[in-house]
């Protein structure tokens, strides 16, 4: 028990850390945040709305990866492959076969979930590093497959996808405020679903697989079923995200879905913090706006001939290294530490060097 | 004859894969890390060799030696500053850290040397005619150097104190520490050595793929070779590399181009589904 | 139903090293059964066979006189009511204590309850049936004051209780305890003995205990089984077994065994 005494004249008042109550967490900030999201478009210009739509796609991608990596601990470098599968499925069904938008979107998600079985089932035997390499190979294979089937996918020239999302009663053109409302409704639903998932029986099964699959199995968790389920749910949302990416940008080509995209989403999780859906959102915001900031930096400080993409690559790599070495729990992890600090103040214990850094890394 | 050409090409390619896989395996055995930047280290050292050749007008052998030395230095520095702080972390941050290093190296190479592919072919162009077989000097030298290195490493790991120390660390770190082996210096040395090997592999492969900052991707294609060889053994890496190189070249003769491009990854998938432990697997059971 | 577990001719070897050499015994429902032996005699291996973490080459394990456990996959054990603790605790170090316990609830959760959890109240206050059940276990073990702490910072004795809590959360009919008194002193061991008997009453389950501490085993067990190098040396009531000369020889060595036998 630690105590803290203050003197008032002759009297001493003593506080102890036993008096700090463990409160129930009240999430009062949810409703105001949702209102803010819906109000935002009135205050920003068209280009920002476009960026925000891109952000929405990235949030979906990051949150879906969080379900796989953060909840279930399965390190996957194959996320770009599922985005590609979703984007091209949507493109083929909507543009080539002229199916409705919602149907195509659903089919995109389902095809991603189905193809995820290709890595979901072997994932039972593949641990950690091997899974990373296998999923990396999966990304390369899918990229090549897109080229192989160029008659359907239009290969390198790019596949033009309609930027109008057509619900029968209203047309939503990407870049407009209506589309923004639509896509952010989806995002909010997915985020809420993921948080529910985290605290449900499924979520606990996932986290127990992440932390100790022996203990999970002994407690009755069917490893194969839940790993495959994690891959399927994650890939479903990733493919939906990929399809929406096609709608937002307008053209898709294999270079958009290379291994760098998978790494992109992993970096979002590292920066934001894994395992809590909020970290994925924070990381997505950071990474989506990073190219803008880099371009602004470049315009301000360097001769205008400097190639932006090189600069982006350099800064990107440096950010990854800095965050991993100094802040492996991400922004959200740091926020949790700060919150805990203030709750216990002034009874905080001094943490020893790096031991404190690893809070939820498993 | 097409097949013989294919075989020779395959063995040469396989030798390059074997060398890069060797680098992967060495680092993995000692430090339990997969160094995704191996290809980029290869690329940077190749550029260094190129710089000495073109800007300093040195002849090939000194440039080559300098590049190898630089590789060793680069590996040591990377280990000391970026991997050492991460000891004990789980795989995800370490994998991402090496990916981060690879990005920074690519960007730095692009800034210094530009993104135009360069030609670096120090070998004579006319093929040697050995009667029935015609073999180009690049391939001959690649195979010769690889064989020489394999023999060198065999003696190194078996008979030198340094080699035995490294094997001890790969087996059991705590035991090695208890025996007085300076583990951290050994880690550093392993990274240096693996990078030096990559430098050699880079110079050998540059004539074929041309020198440019994204050349490191070739290094990544050697990963399936390391997986095939179970990641734990050096002969495994060599065998894996040769198998991969041969099968890829021969597949290129019969299958369409797209299949050949991703052939290493298809092999990887096959291996991981059928026998993820690789060929040289040692039986281990986790005690609970 | 008299026997909750029937082991028949269980044989498992690891590449030539025989761990269990065709052992046969039965455990009665409701009793506390002790499995003792020197290191390497096959005690933990037996548990791992029951849990299907190892695959025995020969033999059968019959549960409740009708289910052959070796034909089922590992995760089915919890559904059947078999729970287990580990000698080297398999806890989730960077998660809250209560969430560790809630993992054990897994087999008891069904879809209906999941759907009933999808109310806004649950989302905003994150309180639900799972937490209630987990708190009941924590109260029973006396460690509810740690419910929101991360496991990593807690003392070893408390961690052992958490591991026990996770096993109990599944409301098991058969509880396998793997060296529960490892790392405990005399007083803690006495507490443990009391706790084990209390668990047997409250949860109405059978307990199989793998142990080193002979005092604990004698005070708590109804039946005792001594293993040596994969074979059963003696099985019976604790008082008889501990007086058997062969058993004494195993635990105390040849000369002293002879002396103790004479003395």
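Labels A, B and C are assigned to the chains in the order they are written; within every chain, residues are numbered from 1.
Going forward, a contact is a pair of C-beta atoms (placed from the backbone, for glycine too) under 8 Å apart; a residue touches a chain by one contact, two chains touch by 3 or more.
Quantities reported herein were computed from a predicted structural model and do not represent experimental measurements.
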Discussion item. With a step meaning a move to a chain it touches, how many steps does the shortest path from chain A to chain B take?
Written reply: 1
Practice prompt. Grab the C-alpha centre of each chain and report whichever is closest to the global C-alpha centre.
Written response: A
Discussion item. So, comparing C-alpha centroids, which chain is the farthest one from chain A?
Written reply: C
Worksheet item: With chain centres defined as C-alpha means, what is the inter-centre distance between chain A and chain B in Å?
Response: 33
Discussion item. Taking the mean of the C-alpha atoms as each chain's centre, how many Å separate chain A from chain C?
Written reply: 40
Practice prompt. Express in whole angstrom the distance between the two chain centres, defined as the mean CA positions of chain B and chain C.
Written response: 49
Worksheet, complete the sentence: chain C touches at least 2 other chains through residues 53, 86, 90
Response to the item:
Residues of chain A that touch at least two other chains are 214, 358, 361-362
Response to the item:
Residue ranges of chain B touching at least 2 other chains are 288
Worksheet, complete the sentence: In the complex, chain B touches chain A at residues 34, 82, 85-86, 89-93, 95-97, 99-108, 110-111, 115, 220, 223-224, 227, 256, 258, 261-262, 264-266, 268-269, 272-273, 276, 288
Response to the item:
So, in the complex, the side of chain C touching chain A is made of residues 51, 53, 73-79, 83-84, 86, 90-95, 99, 102-107, 109, 114, 117-118, 122-128, 130, 147-148, 166, 170
Worksheet, complete the sentence: Within the complex, chain C is touched by chain A residues 22, 24-27, 30, 192, 195-196, 199-202, 204-205, 207-208, 211-212, 214-223, 358-362
Worksheet item: Inside the complex, what are the residues of chain A that reach chain B?
Response: 69, 75, 122, 125-126, 128-130, 132-134, 136-138, 140-141, 144-145, 147-148, 214, 263, 266-267, 270, 274, 307, 310-311, 313-314, 316-321, 324-325, 328, 358, 361-362
